[in-house]
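Two complexes are shown next, each including subunit A; its partner changes from subunit B in the first to subunit C in the second.
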Partner chain A sequence: MADLSLKPITPLGNDLPVRISIGPVTISEVVDTALASLAQRMGQDITAAAKGAGIPLPPAGRWEQGATCAAFWLSPEMWMIEAPFASHEDIVAHLKPVFGEAASITEQTDAWARFDVTGASLPRLFELLCNYDIARHGAGSASRTMMEHLGCYVVIRAADHISVLGPRSSAQSLFHALETAAHSVF
Partner chain B sequence: MTQKNRITGGQIDRSRTLSFRFDGKSYQGHPGDTLASALLANGVRLMGRSFKYHRPRGPLSAGSEEPNAIVQLREGARQEPNTRATVAELFDGLTATSQNRFPSLSFDMMGVNDLLSPFFAAGFYYKTFMWPAKFWESIYEPIIRRAAGLGALSRQDDPDAYDKGFLHCDLLVIGAGPAGLAAALTAGRAGARVIVTDEDFRMGGRLNAETHALGEASGADWAAGVVAELASLPNVRLMPRTTTLGAMDHGIYSAVERVSDHLPVPAAGKPRQILWRIYSRRALLTAGAIERPIAFENNDRPGIMLAGALRAYANRWGVAVGERVAVFTNNDDGLRTATDLAAKGIDVAAVIDTRTGGPLLPGIRHLQGAEVTGSAGRLGLSAISIRHANGKVESLPVTALGVSGGWNPNLNIASHHRGRPVWQDAIAAFVPPKDGPAGLSAAGAAAGLFSTHAALQSGAGAAVAALDDLGVKATLPDLPRAEDAPVAIAPKWYVQGKGRAWVDQQNDVTVKDVKLAHQENFVSVEHLKRYTTLGMATDQGKTGNILGLAVMAELTGRTIPETGTTIYRPPYTPVAMGALGGRSRGHEFKPTRLTPSHKWANEQGAVFVEVGMWLRAQWFPKAGETTWRQSVDREVLATRASVGICDVTTLGKIDIQGTDAGAFLDKVYANTFSTLGVGKVRYGLMLREDGIVMDDGTTARMGQNEWVMTTTTANAVPVFRHLEYVRQCLCPDMDVQLISTTEAWAQYSVAGPNARKLLEKLVDQDISDAAFPYMACGAITVKGVRARLFRISFSGELAYEIAVPTRYGDAMIRALMEAGREFDAVAYGTESLGVMRVEKGHVAGNELNGQTTALNMGLGKMVSKKKDAIGMVLSQREGLVAEGGLRIVGVKPVDPAQPLTAGSHFLEPGAAAVAANDLGWLTSVVYSPHVGSSIALGYLKNGEARKGQRLRAVNLLAKTEVEVEIVSAHFVDPEGVRLRG
Partner chain C sequence: MIINHPLLGPRDAQEFTYLGDATLIDRPDGLSFPSADAAMDAMHDYLYQRSNPAGEHRELWFHEQGDRSWLVVTRNTVTHEILKVELARDVARMRGRSK
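This part shows the complex of A and B:
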């Protein structure tokens, strides 16, 4: 009987992530991060639990890296938690014991296609893509924004390292937009 | 001889020569030239024909306010009509042609219009082309358009790309003349984020066109020095070739940057232009001023231009427009033109000054109290007529005339929020309104401060004030000494005469036209504009509006401010449609959403259909199938006979959690959910506040406080938005958290009698009917991969929906098809999905049309009266629950060979096909291979009671009429045995 086991593909539909360099920037498809939304339930306080587990809960507009997990702010009392995919594929199973019924946790790993843009002069690239003032906000910031009609998250990990999370079904359109903008600028 | 009018000096690079063509003839110019300056250097004054009378015209100005020198740039697909030669940057190989003439610029047959001008006065077409009315569209309008057209479109796709972008700054400086540069220097040195936009390719504004010294340096050198310092500051962004188009709300300005217009072809991958949205905390309008002419008879001949432009061509571009020139002025600034030209060695034959008294210009024939009454010359100026103060008339041979009627502050952008400009007698001009866009101030000539000293000081001062508002301390820089001459003007708008004196040169509006408008009582400024078309051409009246207004003021005996002024709106100058469209064109008009099975479906040769932004497989053709019906019939029959698989990922999935999630669902759904057990799914109906059905779908209870809602594909976003509204605004005390998971899971419907057998080969758990009954749900694994299983059916068959994380979606469809091979499993697309849901009598988009209630759909009992839900009360309105209203029914043609047409209306036999007899309509029509004919769902008045009746389905648009039988909407397995199998 044929092998029926399931083999994953990347958001761009390949076995391996795509990586391209244009001028000073490199755009890489990133598939090694598990994601989950973490929303504090009404009347609960998850600060201590998060701190105990080393999970950062940054304020509005911010992203923060913890020991294993990183997080960025989504909306009041709601964050997106990032964790290594290899060890946290079932990310909800990791987070649920930490927060119990004090938080609502939803797997978001495959809801998003993530492209990391690294290199110099990133604000010049992103000014063609979204209304997010990269230069003013700087490293450690994150925001929801629109790129070519797509609702995306932009995470500024460092001045030379920005992640774009866009809807996975539109990964090709988003990648095309990033690539086109990079050719336009550099 | 080439460039016969080129003189010494100017900011052009004479070390390089550029070749270009105008109307097929080759010329030479230099880097730094505009098309107009290069043509003038080559002795070409005639550059266009006027809009209505086809009068020969040359440039009036040296800037973006140009009404006359309008040409077509480039060739082929890149041909661009209606561009201004005065701002077109010269490049090697540039090709331009004149427009609105036939057969040539020098001999234009349409010039006959000029001879017939008495018939073409303002408003002539309102009076002339009245009878018969039906001739307007078919005869009159086409003729008028052909006669009056400007440039032509290439009718080819624009081969170039345009970008859009977003910029942010503390201070936006609009215009890089002395005021703008002083402001930018002040703010830049203070560390503020500054953006400086200037429409010119060379920053400096009038400093490049004047001979004043700034301290020890020339104006142009000072400007270049400041630009160099600004360029070295990382917090300052200099944007030459960038026109700020308009003031939007909240400090946002739009601007277009001409990235590649000065190149023959944009570099690979680079845009021609970028449309920017600039988010500024404060903005400063330092856009300078625009000179205005004085109208006199035949004041539109090539060679007659604004005095400031004549001076700019000499000083900046090293061009003597004519070898013998005169200047006609009512103010001191006009005198500067005469002295500058004389200093350049140009023969200044006379200065005709409308004022009397005051000092005379040394060494120049300065005629005070005189006026220019007319001009002569066939295709360009050869002489002017002068009436001296003593009444004596003189004809003076000249080839160029500079005219200065004073300067208007360039306040266009300051009135984009409807602020009314304010009249200032001292400068005889309007200055920016006090109630302009919030955060915008003006400095320099744009604020009515015309000396260079005032421009520098006010620019720097305005920057200090703007930054002070933002809490940033800035200090005034050391600014150079500069001329500080007062404005000396005696307003003079037009010279009395019998002939035509042009006010708005681009739209051929004359003083007589304004008088005619007055005579016919179109005296309001807005009426004047529309009656005469004053200010309505591509230049938007930049040189003519105030003049027209002044003539009207004189005729009505009122002051200019009493007469009023028209205000401006964006864009400041014309913008290419391509720039507004940006990258959103062709296949990239919008993003595309691909389903997890897209790659596989593409390999199968699937035909795709756009569903919103999604591409869904519509059907999967097999070898030998020649029509879509064959494919769809096969897919439907195979599914009902064995098993079929369909990608249903596109349905919206919303994760709803929280201790009040059940109560929340009771609120948003018409039926009850809080009582549903964990591991169960229920069909839900969502109503709008007005009781009309909003959406339907299933919601699964995955845990005590964890639910997954599905929505229709079309309403995935609207439903999510609605739920967020309810959560945040209507039920803020409920403990509910929402997030979309539509994209996170790849979901497939597996339907048909062999669905379970197929899945049992893949699912690691027991999914027998006992372990996983109808409407069960739960977390499972598929060959070790986390998955979710829902036993729900849209087709009426034994069916499941199985979901895996999206990265496994491609593998999952391949595994399902492979596992289904022994059952002859088929993949089916949206067409078959539609056929099977109509056969089963399920409502979908065509029935949920925003006008229909649960009762209409036969689902009235789902609206629970035991609880409060959104839409429950209003769904019970008298008119909505009345007996005999629309009810869903099934429809079959009496003759199975006859096709039905969706949208057909039900009529009684013999009833006339009029609205009064309308009984309802067919909503969804499919061909059912199960029934063997077309079948349909429809809304029919008193539908329940009409089962078995024969009616007519009439479609007046498609011109079809079919006798139909009203039947149950459930064509397949009405008892629901199969899906519980």
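This part shows the complex of A and C:
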């Protein structure tokens, strides 16, 4: 076999994740998370299997952190599972034995660019970017919404820590939108 | 216009796309008719016949920029008041469809 040595790049196309600070907020590219979507198949119940493996299955509109994995709700009977990239690079291989034929699992790691926005006054920033009311929903909420014409997931991990997951192929546009909005607010 | 999503709460209509009359759920099963003509007639009516009420109307909306669920929205076409919002799959199941 050929000895391939491939060099990974971040969603923004660099060797290292970008991190910028604007006023009270910091926007950082996050590349240490593996993602997979988990869809319960028709007529199946994966609640017990998930509980046994310590994988949270939060209700509609919510995000929950487990011991190793976190998850947020995507649609009825469907969740996005987040796990540390270092230990779960092949996330499907970790999840498949837990759920077997009861669920459909699709790796999503490289489909998304994740930007974490941290700092104070985040609702003021996000009210400029999307329809999702950060202040009203609060920590532990997650939703898909539109930002800069892109379908994005917004995960409120804490009042001062929000993740935005957007399509990786539009990472630059999303980052530009976040940066521009931050400059405009602060 | 705000649509009160049964799972996610109030959402801006901008996140949704509109399909049309909720009778689209009741697609006729072509094999359950006595003749091919009867099946054709039923399919014709299903495809082309719509009532256009000034008042309460049940319609299908798709939460495209949200959780991508189909909803049956009962809306007054005169006042735009939204009277009821249900998940389309619950409506279909109540009618014995898509078990």
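Note that in this section the second predicted complex is superposed on the first by the 182 of 186 C-alpha atoms of A that agree within 3 Å, B and C clash if a C-alpha of one lies under 4 Å from a C-alpha of the other, contacts with A are read in each partner's own complex, and residues count from 1 in each chain.
The rule we apply is simple: a contact is a pair of C-beta atoms (placed from the backbone, for glycine too) under 8 Å apart; a residue touches a chain by one contact, two chains touch by 3 or more.
The structure displayed is predicted, hence computed values, not measured ones.
Once the two complexes are overlaid on the shared chain, A:M146 sits against subunit C while remaining clear of subunit B. In the superposition on chain A, A:N131 makes contact with both subunit B and subunit C. Of the two partners subunit B and subunit C, more subunit A residues are in touch with B. In the superposition on chain A, A:A60 contacts subunit C only, with no contact to subunit B. Touch criterion not met for A:D45: it reaches neither subunit B nor subunit C. Within subunit A, the residues touching subunit B in one complex and subunit C in the other are 131. Residues 2, 4-11, 13, 31, 37, 39, 41-43, 78, 89-90, 101, 104-112, 127-133, 135-136, 148-150, 167-174, 176-177, 180-181, 183-184 of subunit A are the ones touching subunit B in the complex.
Looking at the complex, you find that subunit C touches subunit A at residues 7-9, 11-12, 14-15, 65-69, 87, 89.
Taken in their complex, subunit B has these residues touching subunit A: 161, 163-168, 193, 268-271, 274, 277, 279, 583-584, 588, 590-595, 598-599, 613-614, 649, 655, 657-660, 705-706, 733-735, 737, 739-745, 761-762, 782-786, 804-808, 810-812, 815, 818-819.
Contact residues of subunit A toward subunit C in the complex are 60-61, 73-76, 131, 143-146, 151.
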